[in-house]
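Shared between the two complexes below is chain A, which has chain B as its partner in the first and chain C in the second.
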Partner chain A sequence: MIASSWLLVAFPALGALVLLVGGKRTNSWGHLLGCATVAASFVYALALFASESLSQAVDTTLWSWIPVEALQVDFGLRIDPLSMTFVLLITGVGALIHVYSIGYMSDDRDRRRFFAYLNLFVASMLILVLGNSFVMLYLGWEGVGLASYLLIGWYTDRPAAATAAKKAFLMNRVGDVGLAIAIFLMFKHIGSTSYEAVFAGIGDVSPGVVTAVALLLLLGACGKSGQFPLQAWLPDAMEGPTPVSALIHAATMVTAGVYLIARGAPIYNLTEDGRLVVALVGAFTLLLGSIIGCAYDDIKKVLAYSTVSQIGYMMLAVGLGPFGYALAIAHLLTHGFFKAGLFLGAGSVMHAMNDEVDMRKFGGLAKKLPITAVTFGLGYLAIIGFPFLSGFFTKDAIIEAAFGQEGWRGWVLGGSALLAAGITGFYMTRLMLLTFFGKERWRETTSADGREFHPHESPPTMTAPMIVLSIGSVAAGGLLIGGDTLAEFLSPSVGALQESHHGVLPHALIPWLTVLVSGLGVLGAWALFGRRTEGSTYTAVERPERVAWPVRAARKDLYGNALNEALVATPGMWLTRSAVFLDNRGVDGAVNGLAAAFGGGSGRLRRMQTGFVRSYALSMLGGSFLIVGALLLVRFG
Partner chain B sequence: MNPFLAQQMQTVEAPGIDWGAILPMVIVFGAACVGVLIEAFVPKHQRWSGQVVLTLGSIAAAGIALGAYVSGRPEHGVVTMGTTLSIDTPALFLWGTLLALSVAAVLMIADRSVEPGGSFVAQAGIAPGTVQDRAQVQSTGMQTEVFPLALFALGGMMAFTAANDLLTMFIALEVLSLPLYLMCGLARRRRLLSQEAAVKYFLLGAFASAFFLYGLALLYGYAGSVKLADIATAAAGTDRSDTLLFAGLGLLMVGLLFKGSVGPFHTWTPDVYQGAPTPVTAFMAACTKVAAFGGILRVLTVAFEATSWEWRGVMWAVAIISMAIGAVLGLTQTDLKRMIAYSSIAHAGFLLIGTMALTDEGLSGTLFYLLAYGFTTLAAFGVISLVRDSTGEATHLSAWAGLAKRSPLLAGVFTFLLLALAGIPLTSGFVGKFVVFSAALSDGMAPLVVIALVFSAVAAFFYLRVVVLMYFSEPASDGPTVSVPGAFTTASIALGVIVTLLLGLLPTFALDWAGAGGFALGG
Partner chain C sequence: MTWLLALILLPLLGAVAVAFLRRDDRLATITAFAVSVVELVLILPLWLSYDPGGERLQQVSSLEWIPAFGVHISFGIDGIALLMIAVIALLVPVVIALLRSTDKIPEGKDVGGLLSLILLQQSLTIAVFAATDVFLFYVLFEIMLIPMYFLIGGYGGPRRQYAAVKFFLYSFLGGLIMLASAIGAYSLAADELGEGTFDWATLVQVVSEAPLETQIWLFLGFFLAFAIKAPLVPFHTWLPDAASQAPVGVTVLLVGVLDKVGTFGFLRYSLPMTPDASAELAPIVLVLAVVGVIYGSMLAAGQTDMRRFVAYVSIAHFGFIALGIFAFTQQAVAGSATYMLNHSLATGMLILVLGIVAARGGHTRIDAFGGMAKVTPVLAAMLLIAGLSALSLPGTNSFISEFLVLLGAFDTRPAYAIVATVGMVLAAAYVLWLYQRIMTGPVRGDAMLAAAPGPGTVQAPEVGARKTIRDLGLREIGALAPLVVLIIGLGFYPKPVLDTVNPSVEQTITAVQER
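This part shows the complex of A and B:
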């Protein structure tokens, strides 16, 4: 079965090809083909998973891709526990979201093209995780970047969507450059880019180079996964259709950074500095994301910052090295379920509310959208770490491992992870209360395009995937963490999971501490937004502008955009301006000066062409004297 | 028969003649003589058609004879007519080039539709500015002597490139020059300018011939022979005074460089190119250049290779002066014909670099360059002859502004030719410069190549300026019209453009032929 694993990629790739080339002729059945190809891949992946032992990595080479002298890159796939885990997640969640999109995009004239892009994304993502070399990974990396760009800018009539797509593309370039240079370094120092050769040879490379490779890979991961300092594109990417947000910008693509670092485990295992930077980036980002998540009224933006924050947890976990790789993947999987479910729920709400995203206009929707409310509620409980739901197991494990570090690291990493858990409880509860409970504020207002709201439950093609995902949100965590199932399964890929015994806090204490902090967050949110008292706690439909500075800061993304502006955009513009100045004054000046010199010389020399034969003859005579004289001088001089 | 005569016949043997080898030249000269007879005996209204058929037919026949001889030629060439002519690979290549170029030039000369009655006067003897002169502008007659004159010039050029001794070379030089002096004065329009050009060319040409002859005399004094091979032998192994040798070389070169319009002996070029009828200018610019550089190549390679260390520095300076004058003075020209004249002076400098590299690559590169440049410049003059206003050709730059809007095809063709002159890839000009410069590089002339590249860049400016003018300027309201070319000029321009393109895309065929063998020395 492994030998024909290329079928996994081929199904969705074929779907994308047929839908893009077939054009309008495929309009009537295109969405069904799109779903079928991804479902076929999922079924194939399940069969592969069930029939093979997967106790070690198996590489299959399809053809020689880039045969150039020393650079030999094969188009090859690697089947191992890590890649299979991702394949199952991508195809499974992908298939559900494809089904959901049938209903969500039913009004869109270009639904067929939408499915083509989704299929393209799934195919690229599968290449990313299945490739057996860093160049293959890069191929998929750019493929998902392209699909993401196309889908963020899906609503071509919205300038904001175009801007967001461009922003995502450009910020991803920054990360991609890091990844590309890391691959160049591997080729320079090891002579190959295949996982097998790189991981075998990385031990012989000087530590400085290893750290450089690790940090450059991290830069790539930060770009793709929306980690500090490249996080600003991810919330803007919510301009795309909601299924895209669920599939690409929550469940799968944005976790590619985590995959990259887990895949590069043999490199990160060699560099403690590199791992520490990864963990610190993760810790900082998870705090940043959760704080900003409290300030937004846009339901999708809150979820987006929640994604930034949750991926921060995963980055923190992979930064812990052998203590955390498996935990990161576990959280990635459960997050894939509950975050996808939350986004689909948000999409369902928007579907019911004329595509409105402002939570201040919602309220009391539980009665109108009971299935959405329940499935969304289960996802909510999972993300805040309600005991014995998915998030409780996986997030808790990461916080435990973080506190398991020694000295200041344990306090910093564990402390920020714990604090963010509380903040997560706050902003998710706020979201929940503003949307599904409280006063029905939508009765007093209209949507942005002036229509009244008539909320209604979504069709079965949309609710069914939400139900399936909510089951995953409830059960996945226990299944994966209980008895270390996933950790043992993954050990051939990322090594055995280690447990720390030197932590700064006792193990038994941490789960209850986490639940306590989360509970405090929930209570805080309830106190501010939930109590049915008139007066100061009443949530206004209009957003209050006179607020305290932390809220103002959070509303401005904690100045993330301003930081990018100051650190990158402004110097870049200055550089451009000075280059233009140099070109205009320096280069053009030199060129024009030279041209003027030649022109002036030409004008003067021209006067020698008098038109008189006598002067021409004289010049010939002079030339003859010179030539003969010079010849004799050379000979006898 | 008396015994005295019998004795004489035994001792004086007629020199052996390889008729097959010299047949192309004999055909051309023979046709020229027949052309003179046609002028004498054929009625006036039949002369034009008779001359055109005869001229083109004889060139074609010469070409066929050349082709037939080339396919079975001796590998190292032959020396025939005693020792006066050396029919070797370079000579044959240059003959082929000259014949092909003269087909295109004769086609332009023969065209009577662009200018009613052709570009040539009906009667050369009429003084400019008189009533008869104004009348003949309107008449459709044509001085058909121009055809035999062109054939004589062509025959002289062929003899010049094959001459194996200096005396033959001098005679060939005069045979090729005298018809050209006459042809320059035959322009139908702007008679004064044309006659002034003819007189200037004649006076300066005579002056240059004197230099050549003086140099010849000094070299004879040095070597005791006018044969190129003897001069080489003498220079290699005698203890005679070198003064005669180098003074002779210098004066000889002045005569040759004058014909090749190399600076600082270029002064005639802009005036004559501008004043001569455009088809004659095209003929001179292409064929005279080929002949002159063919001669320079042969003299330098055969006779003076051994002393190259002494003269090379001086020739460096000459090449630099020529490139500088051509490129810099071309910048401020406002007349297209003068601009192309300065371009030809710059190209002469580039060609001189190739002739100085006395290697096989230098030889083949220079031969290729001559072929490529000849066709490009010929076609360029053909295009210039098509842009006219009420007074004839509109050669002032301002008249060409916005030409692309009125005649995109013509502007496109001219742009292509200018790019070829500038040496842009995919044109023959690029390949020509490339082979010449790489030959010079491998023969240790790197600084000269750098200087040449700089002047190429400077020269590119004035070519591109014309392109910009044609495409990006507003056309003048009373601008010139573009004549619909007759079949002859069309064929001529098309030939030039196709060769320029083909040599740019597939240069190997011509390069292989140009590099197929060296000069035959002969006894």
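This part shows the complex of A and C:
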């Protein structure tokens, strides 16, 4: 079965091709084809998973892709536990979100094209995780970037969507430069880009180069996964339709950075400095994301920053090396379930509320949207780490492993992860309370386009995927972590999971400490947003503008955008303008000046137009004399 | 007669025939199109009969021309020339099929004249790539300017005369300096062998053994001509004028193929003939190349006119090509050789699609457009595909070559490669910003909306009545389809092209690598 694993990619790729080339003719059944191709891949992946042992990596070469002398890049796939884990997540959650989109996009006259882009995304994402070399990964890497660009900019007539799409692609490209240079370094020092050869040869490379490769790969990972300093695009990406936010900007694509580093485990195992930087980036980003998540009133932006923060946890975990690779993947999987579920729930709320995203206009929606409220609630409990739900197992394991580091690292990494768990409890509870509980504030206001709200539960095509995902949110954690199932399964790809026996805090204490801190966050949010519903500015429809500076700063993304503006965008614009000026006045001016010196003014140059054929003949004649003269001189001189 | 000679002669005969038929627009167009299609079909036997592992030059034919100076009319191709000949054979029928959609023939001119000149241009361009006699190469290099001069000056935009003269003077001057070097090489051969010759293979042998100082002088003469043609910064300022004034179809041929004579010249003449000088002066060329990548990209981002935009995009891409050539590694040079093909496909398509956009809207100003994707979704998709190839997205043809150039250059010249890699980000910026301005947002701009009712009345832009703008028709989609297929096909399966150029690339760089 492994030999035909290319079918996994081929189904959705074919779907995208048929829907894009077929155009309007496929409108009536396009969405069904879109779902069918992803479902087919999922079924195939399940069969593969059930029938093969997967105890070691199996590479299949489809064709020779870029053969130039020493560089031989094959179009090849690698089936191993790590790639299969991702394939199941991508096609499984992907299929659910495709089904959800049938309902969510039913009013869009271009729904067929939407499914084409989703199929394109799934195909690219599968290439990303299945490729057997860093160049194949790069192909999928930019392919998902394209799909993300197309889908963020889906609502083409919204200028904000177009800007967000371009911003996402550009910031990703900045990261891609890192990935590209890492590949160049591999070829220069190892002579190959395939996983097999690179991992076999990385041990013979000088430590400086290994660290450089590790940090450059990290730059790529930061771009794709919305990690500091390249995080600013991800919240803006919420301009895309909500199924896109769920699939691409929560469950799958944005976790590709974590995949990259877990895949590069043999490289990161060799560089302690590289791992430490990864862990610190993760620790910093998980705090940053959770703090900003408290300040937004836009339900999707809160979830987006929550994603930034949760991926921060995963980055922190992969930065712990053999102590954390498997934990990161476990959290990635459970996060894929509960965050996709949360986004679909948010989409269901928006569907009910005229596409409104401002939580201050929600309130008390649990009564109107019971299924959404329950499924969303389960996702909420999973993410805050409620005992024995998914997050409890996977997030706490990461916090535990972080505290397991020795010295200041244990305190810094573990401390920030623990603190952020509390903040997560706060912002998620705030979101829950503002949306589903309290006063029905939507009765006294209207949506941005002036319509009244008439909330209603979503159709079954939308609720069914939400129900399935909420079951995953509840159960996945225990299944994966219990008895180290996932860690053992992944060990052929990322090595065995190690456990630290030192650490700065006793192990038995940490899970309960985490529950306590999260509980404090939940209580704090309840005190502000749940206890009193009348007359509180915290839950008022109008957003209070006179707020303390930390809130102001958080509302401005802790100045992440301002920093980008000041460091890149503004100087870039200025440089471009001066270059255009220079080229018109300077370079071309010098040339025209030279011509003027010879020809007596550029006006004369223009006036030559009428008699030019004659003068051309003259110069030809002159040239001919010159040539013959020179030749005669050389020949007979 | 070789297939190569047939490929040179057919468009020449076609040009004469079309010139005679030019009173009848329809007949002239059909004839020209038929000739160009037959020409394209003839590429097939040429491609099949070319053996990549065989002789350095194949399809060889030779005829004595000026015996006193050892000048021959001799032709032959290597893998790199084969690619360039194939791409012009592909582009000419596409250009002719789209002529009605991209260009308006100026008052008092007929389409037959334009088509006849295009075919003449095709014949001469193929001949330039095929010439294996240095003197013949020089003569064709200069003669090639004549039809282009008339194409720009006769059928172009409002400032066409200025652009045509500027183009001509630049190239002609460069050519004359190259002639000095060619004669220098001839005299070297005369000293060494007792008898002068312009035969390329002989001159390569003789000149490559000459002392460094002699080589440097000869190198500089050729280099200037090629750097103007290719164009490298700071010899580039003729291109934005020519590209913005020439008819759209002609710009495709100019930027897509004619300019490649410059980079082709680096590969065919500079590197093998003057290897010591190439190695010695490589840092200077590399600086110009990398400056071209960054500077061209920034200027592309800053343009307000779509025709000038394409010119600066090309300047950035020529920077990449030059970077690869003067990095002297197999990967980098193979990357440059395929970049020459892939740039023709990507930028050719970009020019054509933007030409259609401009013709539909009646403006070339970017800010005259907005929200066009809503009105013409297929046209928008075509612009996006061309743009994605221009920014070297993996999965498109251009990625393969840009990746090879950067990877190969990194091997020997990491600093230059790293700076050039920044060009990847800039390319994404200028392409996507262009797409955003023309295609997304609410429908707006002079090209999309009828003008306000009269002077003095203030009208919100979105209130104006929408003009009717047609999306692409079947003929237009059919003409662009081969480019789309190749852009994506060569992105996933570039092996046939790489296999064709690899041996030629190896032979091109052996001498310079040994130094």
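By definition in this document, the second predicted complex is superposed on the first by the 562 of 637 C-alpha atoms of A that agree within 3 Å, B and C clash if a C-alpha of one lies under 4 Å from a C-alpha of the other, contacts with A are read in each partner's own complex, and residues count from 1 in each chain.
The working rule: a contact is a pair of C-beta atoms (placed from the backbone, for glycine too) under 8 Å apart; a residue touches a chain by one contact, two chains touch by 3 or more.
The structure displayed is predicted, hence computed values, not measured ones.
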- Would you mind checking which one, chain B or chain C, touches more residues on chain A? C
- Residue overlap on chain A between the chain B interface and the chain C interface 595, 605-606, 609, 616, 619, 623, 626-627, 630-631, 634-635
- Message: Taking the touch rule as given, give the residues of chain B at its contact with chain A in the complex, in rising order.
- Response: 199-200, 203-204, 207-208, 211, 242-243, 246-247, 249-251, 253-254, 258, 264-265, 267-268, 270-271, 310-311, 313-314, 317-318, 325, 328-332, 458, 461
- Please give the residue numbers of chain A that touch chain B in the complex, ascending. 595, 598-599, 601-603, 605-606, 609, 611, 613, 615-617, 619-620, 622-624, 626-628, 630-632, 634-636
- Task: Using the touch rule from the top, collect the residues of chain A that touch chain C in their complex.
- Result: 20, 63-71, 75, 135, 138-139, 141-143, 146, 149, 153, 156-159, 161-163, 165-166, 169-170, 173-174, 176-177, 180-181, 183-185, 187-188, 572, 575-577, 579-580, 583, 587-588, 591, 595, 605-606, 608-609, 612, 616, 619, 623, 626-627, 630-631, 634-635
- Under the touch definition given earlier, write down the residues of chain C that touch chain A in their complex. 68-69, 142, 149, 153, 161-162, 165-166, 168-169, 172, 176, 179-180, 183, 186-187, 190, 196, 233-234, 236-238, 295, 298-299, 301-303, 330-331, 334-335, 371, 373-374, 381, 388, 393-395, 400, 403-404, 406-407, 410-411, 414, 417-418, 421-422, 424-425, 428-429, 432-433, 436, 439-443, 492-495, 498-499, 502, 506
